[in-house]
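Next up: the structures, one after another.
Presented sequentially are two complexes of subunit A, the first with subunit B as partner and the second with subunit C.
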Partner chain A sequence: MFAYYLQLGLRSLQRNPVLTALMVMAIGFGVAASMTTYSVFLATSSNPIPQKSSQLYAVQVDNWGPEDSDKGEPPDSLNYTDAMALMAAHRAPRQTALYPVGVSVVPDDQSQLPSPESTYATYGDAFAMFDVPFLHGSGWGAAEDDAHAAVAVISRVLNDKLFRGANSVGRQINLDGRNYRITGVMDSWDPQPLFFDAVNTSGFSDPVQIFIPFTRAVELKMATAGNNNCNRDPGLGWDAWLHSECIWIQYWAELPDRAQAVAYRQYLHGYAAEQQRAGRFRWAPNVRLSNVEQWMDHLKVVPPEAKISLLVALGFLLICLVNTVGLLLAKFMRRAPEIGVRRALGASRKTVYAQFLIEAATVGLAGGALGLLLTGVGVLCVGLVFDPQIARLATLDLSLIALTLLVAVLSTVLAAFYPTWRAAQVQPAWQLKSN
Partner chain B sequence: MLHIKPIVVALKRHKAGTVLIALQIALTLAIVCNALFIIQQRIGRLSRPTGMVESNLLAIQNRWVGVDDNATGPLIKSDLQALRQLAGVEDAISTNSFPLRGGGWSMGVRHDPDAKKPVSSAAIYAVDDHALSTMGAKLIAGRNFRSDEIVWVEQKAYAASPQIIITKALSDKLYPNGSALGKTVYITDTARPSTVIGIVEHLQVPWSGTWSDSFSDCVVLVPTQLTGNFGSYLIRSKPGQLAAITATAPRLLIKNNRLRTFSRDRGVRTFETVRAQAYKSDRGIALLMGVVCAMLLAITAAGIVGLTSFWVGQRRRQIGVRRALGATRHDILGYFLTENLLIGIAGVVIGALLAIGINLWMVTQFEMARLSMTYVAAGVVALLLLGQGAVLAPALRASRVSPVEATRSV
Partner chain C sequence: MLKMTHLSKVYRTEVVETYALRDFNIDVKEGEFVAVTGPSGSGKTTFLTIAGLLETFSGGEYHLDGIEVSNLNDNARSKIRNEKIGFIFQAFNLIPDLNVFDNIEVPLRYRGMKAAERKQRIMDSLERVGLASRAKHYPAELSGGQQQRVAIARALAGSPRLLLADEPTGNLDTQMARSVLELLEDIHREGATIVMVTHDPELAARAQRNVHIIDGQVVDLSEDPRFHTVHAEHTGTTA
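Let's look at the complex of A and B:
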């Protein structure tokens, strides 16, 4: 029976090509707009490290006080003094201070030009904390951190470029004119949003290519390549800046269970209280510990454009559906005499339901096919609205294809309920009489 | 005048269709109003002037590799000398930032160094005496920097300059009832005063985001060349030479010293590209909203055409009877137009309320401005006209129904 109704449905659609085309287009456009914007929304709001997002915590310590802070929130970054105090206390099983540095790889070949690469200065714990996968070797350890060692971890892409994919562990890489020994080559690793430095990247950036020790970077007086915010004039020179209240460091702690998170929060509170007693903070302790998802929410990494366009697209889909309800109603009611005959010949209401819902589903399917095509075009055009770092995340993958078709068919069938109900209400006797 | 009562009575027999059309008009109005408003706001942003003469301007963002911050001074000097001598170059400067660059340096400007809150934030451009001619900024009072006032200093060692040039907008904020020219202000929270020696008509800050809207045209030029790893060159070409120097200037710089990098997407850009990149998302959102509006209106019109055609088809016999009883074609046409107008009015009333409601909600969510009533009014008129336009074809078809229909198939 299903196949027969499908056939009937297709035939009926051919009978009114203009009406059918209108419905298919409405559904196609509505679904495509929604799916395109949804793909961006999904990409920007996804959890970058689902397996550990509840164990990794971003640390905030208010070193600016209520006068300079935003609505009582501690600043989003730490200054050097606090970051170093927390590192030295070593209260979490793993922890790292980190900041972006502007570093270029200087090729051995004198005729080649240096190339800037996205680089972070971190502690050795970072690799285990962030689940960085390794192709060769590993990260560096505490000994290298303490020694301010000239070591580096590089990405697979960079390894392919510089060493033609060979295992480069133990070899040297020239960064800004200084040599670093490679301890590990990362496998492809591209968490988006770039949760550990969403402050400087607004959440999205190209994959990180190089990691070097934090201690080394500070020793070489590498300034942050990200934001540096000061509430007071830091004074002149590097050392004055380092010991100022200027904030530029991200701080992460790995706390595997609730108890440790509670203990760590208490420790932070205690640290801030101690600073207050020492006279450095002239305000009550104000500290925050946010896991990855809370941190992404706090920093509002989902761009407002993504939210607004998703909302507009959903409104658009709603209108398309209202439109489809109207057109289906017109289409079905026009066939009232036909329904009357069917009913008079013994068809039950249920079979009328089945026939018309299947007919609607075929419209939905056609709309879905058109929607899929348009979603493909839409995803290609995401780059017109969003930055390339975000646009590259929106892709038409298998789940989005399935979802597009599903949304198209489901919403059309949903829209068809009322017209179908009206069709099933047709009184056979009245129809037969009036014709 | 047309009789409205029989139309209302007839509509009661088509409740579902009536409600659907009204609902569609209402939703369309709500979304189109808000979308048009967003478009207008975004377009307003991207047509803001930078205060520079934007044609014939090239920006190069330069980063030194493996050079000590303090040692970059002579390198920048030699770059500038070479750039200013390059064929096709009118003038060139080295600056920490420039309008629409994206990143930059802002400070609070105060009358009094001890004041807690600054009068205004302002962007700092550290430049030399060639800045005004390179940027094409218009000096409206006072004088330009002299070459002997320029100091070279490492970024972290910068102390407030004794002479500064500010924009008129900043001058107006600092001294609403007069000019800031010759006055003393504080651009850092140290007690070092700066004297305003010149006022330029307009210059924009490096940022295009909404957060900088409160001081988007407050700029301080300081006669300082900052040494350090990062820096930008702004280069003004002679007319018609921009394409040529876009190719030759980076080559010249690399020939001068190869230990430098230009970032991939922001390294070497004509100012046209700078502007396009800065306002990309504003332009994109405006475009997206425009496309959505156009499709919405098209779909709503199509829906009205579809449903009205169905009604006309359903009522052919009644129309025939009316025609047979003496109604003119004009009467039939008027009937359908009035019917649509009634539904449309119901739709736009609901839609206007919905539009305002959505906007109020968006204001709380996305830091947007309040919807101007002009947009609602324009939307109402547009949708009523759209409805009338859409109903015209089926209504004309109805008016051509012959009175003979009354006698058929009874």
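Let's look at the complex of A and C:
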């Protein structure tokens, strides 16, 4: 019977092209607006590392005190002193301090200009912590961290560019005039939002191309390419800055279970208490541990305009659906005599429901097809409203195509419930008498 | 085949109750051809719609082909309508957007019949009413008589035990009406039970039995005082 109802539905669409076009347009525009904004919302709010997001924790230690804090919240970054103390304590199975550095790749060919690449200084644990996939080789180990070794991990894109895709492990890369031995080539890896440095990137940036050891970067006095916030004058020189209360380091700990998270929080509290006793902190311990999703929420990574535009678009879809309810009601009730005849010939109310809901679904499907086209246009135009870093994430992939069609069909079927209910209530006796 | 006992149908509003049928009794045997007559508003069509399970009733009993139908749900009533009853209406009630073939196919679709059997039955019934060549025509392309023949073909295609006809010739000219009536008589001769509501005395006279309804009740014309008055006046005038 499904095929029969589908056939009737398609005939019905053709029967009144103007009414059909109005409904299809209402659904198409409503769905397209919703799906376009949803694609942005989805891209910005998705979990960048779902398999480990509950095990990775961003660490905050309040080294500024209540006078300089934002509503009692510890600063979002650590200073060098605290970061190194936590690294030295090594209380988590894995941990890393990290910060972005401004590094350029110097090509062998002297005639070519150095190219700046997105680079982070980290500890070797970061690769396993963040599930970085490798095409060749691997990250470096603790020995390289301790030795401030000149090693690097590069991206697949950079490997393709510099080594034409060959396995470059063991080869040298020149960064700012110094050679680094490549220990690994990452496979395609572009977590969005860029959770481990959402503070400096607002969550969205181009993929990371190079990692070098944190210890090496500090030894070479590489300043942060991200935010450096100081609550008082750090004094002159590199060492003075390193030992100041200026905050510029992101700190992550991998804590596989709740017990370890609790223990680590206690350790942080103890560390802050120790700093208080030592006279460095003149306030009660104030520390935070936030897993990836909590950290994204804390930093408000999802742009407010993405949320607002999604709500507006959903409101628009609702208005379109209310219009569709009216149009379907007019369409169905005009066929009351036909319903009466069908009921007389053996159609039950359930049958009428099935016929008209399937007919509504065909309208929804046509609306979905239009919506898909408009969503494609909408996704292309996201850059007019959002930052390019966000706009590039909004794509019309298979899942969005399927979702667009599904939303169109389901919402139309939902909108058709009342008109269909009214159609099923048609009294055949009255209709046949009035004929 | 069709037995109603003390059946009533009441239309209620906040201020008034209107009896369309009151203490209504009728027993139509299998294979009978019964004409139901009566003045406008007497309850003929209400009786027919209740008989066809298109409407519920307020009290009494109704047995259709041995089944007490008062407690049946919508699905069961629809199934009985589909399998046991054929309808022929004064206004033909064909679906204008479907061609002749598709119109006749509707009840067979609801029965879940396979395509080959559906086609066979549709063509047989069209042959029977003499419209096999019009299978692809739409109702608007047919005359009134042809449309009524299509409606009869639609009723016949499902091989119903009971055929309910509501003024089947009411919208037709004399010649067309005669041919439709002959068709009904043929169908009756082949064993179908037919209950036909009509105003037309000539048509009623062709049935095996006449049932007269006045004010929602079956009456015996020979005992109805109103009939006597009319009859007497009529007799007096002609005397």
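Here is the rule we use: the second predicted complex is superposed on the first by the 429 of 435 C-alpha atoms of A that agree within 3 Å, B and C clash if a C-alpha of one lies under 4 Å from a C-alpha of the other, contacts with A are read in each partner's own complex, and residues count from 1 in each chain.
Everything below uses one rule, namely that a contact is a pair of C-beta atoms (placed from the backbone, for glycine too) under 8 Å apart; a residue touches a chain by one contact, two chains touch by 3 or more.
It should be emphasised that the depicted structure is a prediction, and the values quoted were computed from it without experimental measurement.
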Per-residue touch tally on subunit A - higher for subunit B or for subunit C: B
Touching partner for A:136 - first (subunit B), second (subunit C), both, neither: neither
Partner chain(s) touched by A:91 [first = subunit B, second = subunit C, both, neither]: neither
Touched partner set for A:1, first subunit B, second subunit C, both or neither: second
Contacts of A:350 with subunit B and subunit C, given as first, second, both or neither: second
Touched partner set for A:338, first subunit B, second subunit C, both or neither: second
Touched partner set for A:313, first subunit B, second subunit C, both or neither: first
Where subunit A meets both subunit C and subunit B, residue numbers: 435
Footprint of subunit A on subunit C - complex, ascending: 45, 49, 52, 54-55, 74-75, 77-79, 81-83, 87, 89, 91, 93-95, 97, 106-107, 109-112, 154, 166
Complex interface listing, subunit B residues touching subunit A: 16-17, 20-21, 23-24, 27-28, 30-31, 34-35, 38, 63, 65-67, 69, 116, 156-157, 159, 188-190, 228-230, 254, 258-261, 263-265, 280-281, 283-285, 287-289, 292, 295-296, 299-300, 302-303, 306-307, 309-310, 313-314, 362, 365-367, 409
Touching residues (chain side subunit A, partner subunit C) in the complex: 1, 4, 11-12, 15, 337-338, 340-351, 427-429, 432-433, 435
Subunit B-facing residues of subunit A, complex: 19, 22, 25-26, 29, 33, 67, 102, 104, 106, 113-116, 176-178, 221, 223, 232-234, 236-238, 240-241, 303-305, 307-309, 312-313, 315-316, 318-320, 322-323, 325-327, 329-331, 333-334, 384-388, 418, 422, 435
